[in-house]
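Chain nomenclature is as follows: A, B and C, assigned in order of appearance, with residue numbering initiated at 1 for each chain independently.
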Amino acid sequence: MCKAQISIRGLTHIYHPGRPGERIALQDINGDICQGELLAIIGPNGSGKSTLARHFNALLLPTRGTVTVDGLSTTDPANRWEIRCRVGMVLQNPDNQLVASVVEEDVAFGPENLGLPPEEVRRRVDRALALVGLGEQRLRPPHLLSGGQKQRLAIAGALAMKPSCLVLDEPTAMLDPAGRREVLQTLLGLNREEGLTVVLVTHFMEEAVLADRVWVLSGGRLVLEGTPAQVFSQREGMQKIGLALPGPAELAWRLRSSGWPVPDGILTLDDLVACLAGLLSETGWGRRQ
Amino acid sequence: MLSGITLGQYVPGRSFIHRLDPRTKILACAMLILAVLVCNRPAGYAILTLGTLLALGGAGTSPRLVMSVLRPFWIILTLTLVLQLFFTPGLALFALGPLHVTREGLVLGGQILWRLTLLIIFSSLLTLTTSPLMLTAALESLLKPLKRLGVPAFDLAMMMTIALRFIPTLLQEAQQIIKAQQSRGAVFSRGGLTRRVRGLVPLLVPLFAGAFRRAEELATAMEIRCYRVGANRTRMHQLRYSRRDYIVLVGAGAVLAATFALRWWG
Amino acid sequence: MILVEHLTHIYAPGTPLALTSLEDVSLRIEEGEFIVLAGATGSGKTTLVQHFNGLLLPTAGRVLVGGRDTRDKRVRRELWRTVGLLFQNPEQQLFEENVFAEVAFGCRNLGLDEGSIKVRVRRALEMVGLDPGRFETLSPFALSQGQRRRVALAGVLAYRPRVLVLDEPTSGLDPAAREQIWQVLKGMQQHGHTVVVITHHMEDAARYAGRVVVLHRGKIYRQGPPRQVFSDPEGLRAVGLDVPMPNELMYRLRQRGLPVNTGVLTLDEAEAELKKLAPHEMNSTK
């Protein structure tokens, strides 16, 4: 059951309205983000993913329509700081969002801004660092951390505000594969074990597969939504907007269309391996010739 | 990558000086710098030199590190010495062509050289042993009394924090851009003045564009975490003086007093 | 073309921040090769390629480009003409007021005359898929990220270096834009250029590289044709890399006791391999 945490109604965003360079970035977006879900937002470059994500914590305000967080409208300036506390955000470039030169000081930045007493700041910092597995690194300078660690640090910085929702804008785009895995594991853990709502903006299809639901943006519109299985069954629709299926889904589709009894809904490599191994040993794989 | 120790670099450690309260370090550093400026007697220099050696020892700094801190300044240091040597009127010791090296020049040049060296060492010790964050926390705390006069201590401190956090990044970026443009055949250090100035365009345009982009992103990142200009922040680390700090403050005060005394009554 | 012998590089030697980035690396790059350099962040890839055009000099060992030692100052000054190096996020290094001037910058530094500069700039823009007539007069700052990336790439192609070295040329681009860049590079190789690319995209590496060189903590960990390097997913994962999905699939099917060839690199090959080995009745319909 979906208990809407963030509600978007008729959201349109226009950059520089009425001035040269006017550009419609988002057009009539409607949808709810449910409490505790992991939502992936995908789309080609320039489709409006980041612009949409920045509406969730009042960094950007709608040109038309509304965005509400737990019933609080982002357009009301009085709600802004409350919303920022409830919706934490992590940006793409880990280097440009770290404020301090020591790991734990950076995590403390948010709570300090809230004017919390030092002991409470300390508690939150320790907990946030433990949640992302950086407790051991707390006295190191951030620039000596790996990309994945830096991004986990940025997540800890957001967690220290005690948000109930975490929005991440392409957090893995600048990381190597190991860093990407690290960050995804952390996010999955936070979502599954801590019950945090996670909104993951990404251009990696393999990441979207891990989500409960997927939104697909193209040209500023929400063109597809559903579970990963539903969304990635729309091969043609995806191709039309310049997105490829995740590799395993693509291969499953090809085999299926040449007559193999491969079921729908294969998304990950695990799915595919299990399916093929079962299928082929049943039908006498390897015993041919 | 950093090529060597850049100015203002913090080197983490657990030495006596590292563990001092940052306010102590700022105050002591200020006192010692003042002492260097008023010092004009050999005895004063002796005291200051002794103080410097103690400080270097207390920070566990290797002579090699001290040299690498001084290296960027060697042109200025040598130039000052040479100018003083040749252009101070007085008793000629020996001649190099038309120029005379004077005794007064030697003394004066030596003094200035030593003063500059001490100044560089003191300020470098401060930044080598104090994390930028502690430094700003200390400044914030020291400036707090001025708040009543309308000085925005918190915001000044935040500006410092960010400047310190990003100076190394920008230096690194500048290095990167220089390399990138050199890879396209740009030459930064040849030709006449106009050519050299024009040669800087490929460096400066991307550098500024990059700095603005970073600044924008950082502002966003700070806003996300509820930073508000003028709002009251708290600090996770409360600064506290310990016995160590009093010893150092008294020591630095004594050095300052001694140089003053030597100058006016010595 | 490029010969690296026992190369060691240490940043800030003799300071508390000293960092050994490369340790005793030896590598031989032949003319006309297409090489992908892979490795986790901090494995030394970027440091290595900066030795190819003389931006960095060996702390120990030596690097020869076309038989000439990069430590020689005269060689170093001219090296950029032979080895065109494109840094990561090159769109951030653009500075001219229009695309033409930007792409022409390298040619101007070569001292070419205006006529041939014009020809080369046009040709380079066409190669990266930007219509010269439309783009030449635009400001680079008015373009999309993918377009600016291609302008930067054209800037290197225009002065026609024999070796092209690119540090993560496709990072941050969507699949369509990525494909475009790889196609350009493939074309350069077909015209006889040597191409060296740093990338994390192993599926792209598998499709285009003639040889994959994997660095780990400043040393060469694996090298060889993609089929061979990617046949060991566990080993690559241990150093923070992925293997292409088709490889991984075959590897895991094989672990389950199915007799498949693990040396497949692309989806097409995987599909063909599966069909080849499966019973005929499964491929019959359609």
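One rule holds in what follows: contacts are C-beta pairs under 8 Å (C-beta built on N, C-alpha and C of every residue); 3 or more make two chains touch, one makes a residue touch a chain.
Since the model is a prediction, treat every value here as computed from it, not as a measurement.
Chain-to-chain contact here is organised exhaustively, every possible pair of chains being in touch. Between the chain pairs A-B and B-C, more C-beta pairs are in contact across A-B.
If you average the Cα atoms of chain A and of chain C, the two centres end up 29 Å apart. Computed from the mean C-alpha positions, the centre of chain A lies at a distance of 43 Å from the centre of chain B. Computed centre separation for the pair chain B/chain C is 41 angstrom, with centres defined by C-alpha atoms.
Those residues of chain B in touch with two or more other chains do not exist in this structure.
The touching residues of chain A, when paired with chain C in their complex, are 44-46, 146-147, 173-179, 203, 242-244, 247-248, 250-251, 254-255, 257-261, 269, 272-273, 276-277, 280-281, 283-286, 288.
Those residues of chain C that touch chain B in the complex are listed here as 11-12, 14-17, 19, 21, 47, 50, 53, 55, 80-81, 84-87, 90, 92-95, 105-106, 109-110, 141, 155-156, 159.
Touching chain B in their complex are the following residues of chain A: 57, 59, 81, 84-85, 88-89, 91, 93, 95-102, 104-105, 108-118, 121-122, 125, 139, 141, 143, 157-158, 161. Those residues of chain C that touch chain A in the shared complex are 40-42, 144-146, 171-177, 200, 202-203, 240-242, 245-246, 248-249, 252-253, 256, 258-259, 267, 270-271, 274-275, 277-286. Those residues of chain B whose C-beta lies close enough to touch chain A in the complex are 10, 12, 131-133, 161-162, 164-165, 168-169, 214, 217-218, 220-228, 231-238.
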